[in-house]
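One chain, subunit A, appears in both complexes that follow, with subunit B as partner in the first and subunit C in the second.
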Partner chain A sequence: MRAFLLRRLLQNAILLLFISVIVYGILYLVPGGPFDQLNFGATSATAAAAQVKRLNELLGLDRPLYERYWNWLTKALVGDWGMSWTVAFGQPVGRLIQSRLGNTLLLMGLSAVFSLAIALPIGIISAVRPYSIWDYLITAFSFFGLSMPTFWFGVMMLIIFSVVLGWLPAGGAITPGKADLVDRIRHLIMPVAVLSLVQVAGQSRFIRSSMLEVLKQDYIRTARAKGVPWARVVMTHGLRNAILPVITLLGLEVPQLFGGAIITETIFTWPGMGRLFFEGISKNDWPLVQAITMVSAFLVVGGNLLADLAYAVVDPRIRYE
Partner chain B sequence: MIASAIPAPAIPAPAPPAFDDDVLATEEVSQWRLVWRRFRRHRLGLLGITVIGLIALACILAPWIAPYTFDKPDTSKIMATPSASHWLGTDELGRDVLTRLLYAGRISLLVSLVATLLSIVIGVLVGSIAAYFGGVLDTLLMRFTDMMLSLPSLPLLLIFSKTLRDFGPLRRALGDNTSVVIIITVLTIFGWMNVARLVYGSVLSLKAREFTEASRALGASSFRIIFTHLVPNSAAPIIVAMTLGIGSRIIAEASLSFLGLGIVPPNPSWGSMLSGVQAYMFRNPWLAFYPGLTILIVVLAINFAGDALRDALDPRLKH
Partner chain C sequence: METRGRLGRRSLLGRTGAVAGAVSGAGLGFVPGLAPVAGAQASGKTITVGMSQEPPTLGYGLGNAYVISIVKWTIGSEPTLTRRNDLNDWVPWLAESVPYLENGGARYVGDGADKRLQVTFTMRKDVKWSDGKPVTAADVKFAWELHMNPDYPVPDRSTQQKLATVDTPDDYTVIANFMSENEAKEAAAKGRGGLSAKAFAEFATQSGPVLDPGYYKAYLGAVPKHVLQPLLEKVGASELPKQDIMRKPLGIGPYKVTEWAEGQFIALAAVPTFFLGAPRTPNLIIKIVTDTNAILAQLATSELDVVTEDALSEFSAPELDKMANQKLIRAYYTPGATWEHIDLNLDNEHLGILNVRKAIAHAINRQQLVDKVLNGKTKVIHSWAPEWRWDFSPEIPKYDFNPEKAKALLKEAGYAPGSDGIMAKGGKKLSIKYGTTAGNQARLLVTQLVQADLKAVGIEANLDYVPSSEWFAAGDNPGPLWGRTFEMGEYAWVGGDDPQGAKNLYSTEGIPRKDNAYVGQNFPGFKDARNDELLAESENTLDQARRVEVYAEQQKIWAEAVPVITLYARANVTATKRSLQNFRPTPTNTPPTWNCYDWYLAD
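Entry: the complex of A and B
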């Protein structure tokens, strides 16, 4: 177990290093630089060029790439992610992310919980009564979910519940001056619903096939033969085994959740890390973009590791060497 | 030739058959006819390919059948609601929405089709080479594949799209088509891994089979074995992955374009028609409705067709 953990941590460290090199490389290697398009209101091209040169020197962008990367890496390892360029000029990137991380984790966590709470029962119903009317309805629903462009679903919800009906707030996380629990929940409903939809569709299909597989096993027949009621066979003998692969699935879904968070937060102007990332991309704020990519990579890698460990805890048959 | 030189031994007359063979003989059916027969049974799958076919045809014929030009603004008819002259209304510049949907379909379908085909080429190469040669090559290629699979792909897609777009020489070389080329490139870079894994698994099991052994014994080169035996025998999962891949790439392209980092004017795509639509949704919600509905219908149709195709190509995959 310990050897396994050490090996995984080492692999993850290499993966994170790889991601940081790729992202740093693509952000800074593309010729022209982030200031290429600015002209600083300068009247002549040479004046603008001089300004760009001065800015590049100021930010250290005139140094060779490997030197800059090394500088960035050694600072990042001790928690200094640099200063934001454009989104919040001069503010430490770390603090910016810190102020937004909680909101994003809240959104992602609630969506994971909600989607599973919906996907579990409908996946089980589908598996217990395969090819029934319920199974077909649930299958049709999951096809819709998988074919739905998330951002469009979000925009449609916004138009219906906010613009036309006026039931829910159009964006943000709180109403200023009225930030009680009800208000928070009202702001959460649409973003969580949008982020959950695609997850529910995939998860319910997955749970269905996992459950179908388990219900074919000998121990299910044995339990039935011993006279255990069908409902109990499904809910205890069946579910406990069928749910194991779901843990891995949840771990693997972190990248999808974060990608969904970028889109959802942008539509509902949710003050989270995803929207911060999108602002950073739009405004060429490379230190911010680099840092958020690394944080999301941490979430992805951590999610996978946690899923593997959780699997070993709930399934005694799994032994990591 | 040798056989003909030797006098044929006397063959004993065959015993009369116990029953007439012809009664049991059936018409010989080709593989693809069988697949089509199984496919036909899926009514939703049939509906799916019909819908995709009609929409694709309409988009291809757009320059001839579209009622208006897609890029000419008409300031007298800004954001008109659906009417007899503009079936789906007009957008914020007074352009006919139906016309733009047809032209946008050309870009969206082209991008997803080309990106899928390129992903499949790369995936097949990586997967089959890793599985066939094994050893260090296998470890290197498949570890790299796993690594790519575990990346947070949307942030990286956005970073690549943005930086490539700001790259001056590329824009000068490609002109108006820059965004199309960029989005195909980034969707390919982050889209080949699933096919590589599929092909890897399939080739790994096929290469242990007798026909591989036989062709190696006959002196076939590795290249020949891989591309005439192993890859064609893995066609079923590849075709299914390709069908479903087109659907997911239509959504990916639309998401990027919606965020303003995919297809940019003058080319419209289904996603880019929705970019910035939040500014207009109060005045004309229909503007946001039709492009998204088109994406939903097309992707749904593709997924139905893909599902039917999976059952038809390999009934064993059914669950």
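Entry: the complex of A and C
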């Protein structure tokens, strides 16, 4: 187990280093810089060019690529992601991420919990009673959820529940000045519902097919033949085996907890990581984009490692040497 | 729909005391700095302002994004000595009056190469920072010094660096000394105040004193020296932008920042000691709502009372008008300073021919663009000067929509239609690349309509959408504009309150080339000797009457040569709840929050 872990950690470290080179290199190749707009509306072109040059020097953007990369990497390794160029000029990127991370964890975490809490039972029901009326209903619902574009469904919810009925606030995380628990919950309902719908749809299909597969196995028939009650067969013998692929799926969702959901966050003006990332890209704020991309990469790699480790916990047959 | 008449820069020149009435346009413009807030009373309510982007900073001198100015005008951080009101007039702010050459506030001193422009501002004595400390001349001088500090990352100091010194003979007098010819040349040779010689390169060939047509404007402001100086000494200029004070700056404005919830809102509270009187509404909340649908929804649900123009466009007109008709809101469409146009590259073999350019101008149905693409909420334009600005010349030649005339002009130039209907001359098809930025809704529609219009007269336009970062890329590796590899190029300019800088856009000197390191923005490559003369004169005279003449003649020459097809001005679109009073959006870049101290919600 320890050898496995060490090997994987080393592999992952090399992989992350490789990713950092690519991320840095690609952003370097993007044309334009944070001060391009200064060239416009300048009253004197020579003066504007001098201003851009001066600012580039202040940010160290006039240095050669390898030097800039090395400076960035050595600082990033100790958690200093540099200073934001355009989204929050002069603010440390780490602090900027901190200000959004809590909101995203809350939104994505709640949607993950809700969706799993719904997907698990309905996935099991449709697997246990395949081709029943429940199965058809759940399948229909799943396809509705899967094929519903978030940007449309989100706006429809806004129109119905905020504009027409006036039950829920039309976006934001809190009402400025009266942010109590009830207010927070009211702001969470729509975005969580939209995100959960999509996730429930996918997860329940996944659980259903995995469960169907397991329920056909010999040991299930054996257990039934020995007179184990059906409910216990499903929940312990069936579910425990069917859950493995679901864990992989959840492992892949870990980075989303951090990365947020760009579209949903935008529609409901949720101050989260997805929106921050999008803003960073659209405003050429490379230190911010680099930091978010690297942390996401770290979480993808880490999430997979965790999923692998979780297998061993859930399935006693799996042992890492 | 609110429109404004043509406004003069000097409509306030020479007026003193309380000003009322007689300001052109719709309604009476409240003139800041001259009249107190009448009958100020707290209505006990909060006004929530919706904005599409969060200001990247509120730091002193940092950043020049429009969204920053929306907030800065509420808190009055970096108050300037003079400022613009909603009618594009310059009015006193920290100063008691606006210093002009004509009223003796500005004058020339010294002789020969030591002659300089000297501008004296006399400051009001009743202005206080929100911590109660008075604003004095020392604060203005310190602000200029901070602005010029080599390590402090202000985006633009091009006007400030024209000053040799800022003198403060007493607590309430500021004297701005522009550089003399000698000082300018010395700065270009040796640098000045810690800045390198390169920063002053533009003055290497200075002849006569350094002038700036904006000598009475907002290039000097105040920062709270009593707070910033100790901080500067402690952390240094390069670390200053990271300090908390840059997100909660001290101001002189009607409001102060009480909380900035990043990515969500900035909460502001009224400053009762504001020098024009306590604001009428105790609390202002600036809410960041990044999505247009959400903005409209929150306007409909009354979660927002005001939406600023960065968040709305003519595209939202159908929804806004519907809500306005239901008496939920008021929508304002003010033709603004941003104008869309197509640059024609005169080095192109076809576009170099005057008749071809005129034919293009006659072929495009510009009113259709306004009606179909922008919901009819703005106007076709014919000059680079906005109609509301003093330099606009109504005598400028106009090109009406006339496809027959376009065809005749092409025929006259020796073009004849080929078998495919496309005009050709000497075996060369009149086929032109028509580039613009990708991902822009208006441009996507406009380019297609223009393409169809041009096809109707036998001109083939091949659409080319380029990511805006590439389209506008400057520097050593320029994009299609700065590299001048475009043929027809559509984009927008944002005009200022003054035509200053036109030389950079329209004179031969402003043509970006490799040997001038791609500086200048005369992308079409327009060259005309008389035009150059006029633009040179425009930068070297402060005589306002002469400036009007110079720009009128220049616009005529320019429009006759058609290096640029002017399309339309974008409207500044704003909306408020019906009960919001005293909301006066501007055609200029002055944010609508300029008079937020006067806003209140009527019951």
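Following the convention adopted for this analysis, the second predicted complex is superposed on the first by the 306 of 321 C-alpha atoms of A that agree within 3 Å, B and C clash if a C-alpha of one lies under 4 Å from a C-alpha of the other, contacts with A are read in each partner's own complex, and residues count from 1 in each chain.
The working rule: a contact is a pair of C-beta atoms (placed from the backbone, for glycine too) under 8 Å apart; a residue touches a chain by one contact, two chains touch by 3 or more.
Given the structure is predicted, the values throughout are model-derived calculations rather than measurements.
When both complexes are superposed on subunit A, subunit B and subunit C clash. Using the contact criterion defined above for the overlaid structures, shared-chain residue A:I174 touches subunit C, although it does not reach subunit B. By the touch criterion defined above, A:I262 reaches subunit B but does not reach subunit C. Within the superposed three-chain model, A:P271 lies in touch with subunit C and out of touch with subunit B [touch as defined at top].
Look at A:P149: by the touch rule set out above, it reaches subunit B but stays clear of subunit C.
Within the superposed three-chain model, A:I159 lies in touch with subunit B and with subunit C [touch as defined at top].
By the touch criterion defined above, A:P92 reaches subunit C but does not reach subunit B.
After overlaying the two complexes on the shared chain, residue contacts for A:A50 are found with subunit C alone; subunit B is out of touch. Judged by the touch definition given at the top, the superposed model places A:L27 against subunit B, while subunit C stays out of reach. Superposing the two complexes on chain A places one of the subunit C stretches 459-467, 513-521, 549-557 or 567-575 into subunit B: stretch 459-467. Touching of subunit A by both subunit B and subunit C, each in its own complex, is seen for residues 30-32, 36-37, 155, 158-159, 163, 266-267, 284.
Subunit A makes touch with subunit C in their complex at residues 30-33, 35-55, 58-59, 83-84, 86-92, 96, 99-100, 103, 155, 158-159, 162-163, 166, 169-174, 176-177, 266-269, 271-272, 275-276, 279, 284.
Across the complex, subunit C meets subunit A through its residues 46, 48, 53-54, 56-57, 59, 62-64, 151, 153, 155-159, 198-199, 201-202, 238, 241-242, 246-247, 259, 261-265, 267, 283, 285, 287-291, 293-294, 297-298, 300-301, 303, 467, 469-470, 472-475, 477, 479, 482, 493-494, 496, 500-501, 504, 510, 512, 517-521.
Of all the residues in subunit B, the ones that touch subunit A in their complex are 147, 150-156, 158-160, 162-164, 166-169, 247, 251, 254-255, 258-261, 271, 274, 277-278, 281-282, 285, 288-289, 291-292, 295-296, 299-300, 302-304, 307, 319. Listed in rising order, the residues of subunit A touching subunit B in the complex are 15, 18-19, 22-23, 26-27, 30-32, 36-37, 143-144, 146-153, 155-156, 158-159, 163-164, 209, 212, 254-255, 258-259, 262-263, 266-267, 277-278, 281-282, 284, 289, 292-293, 296-297, 299-301, 304.
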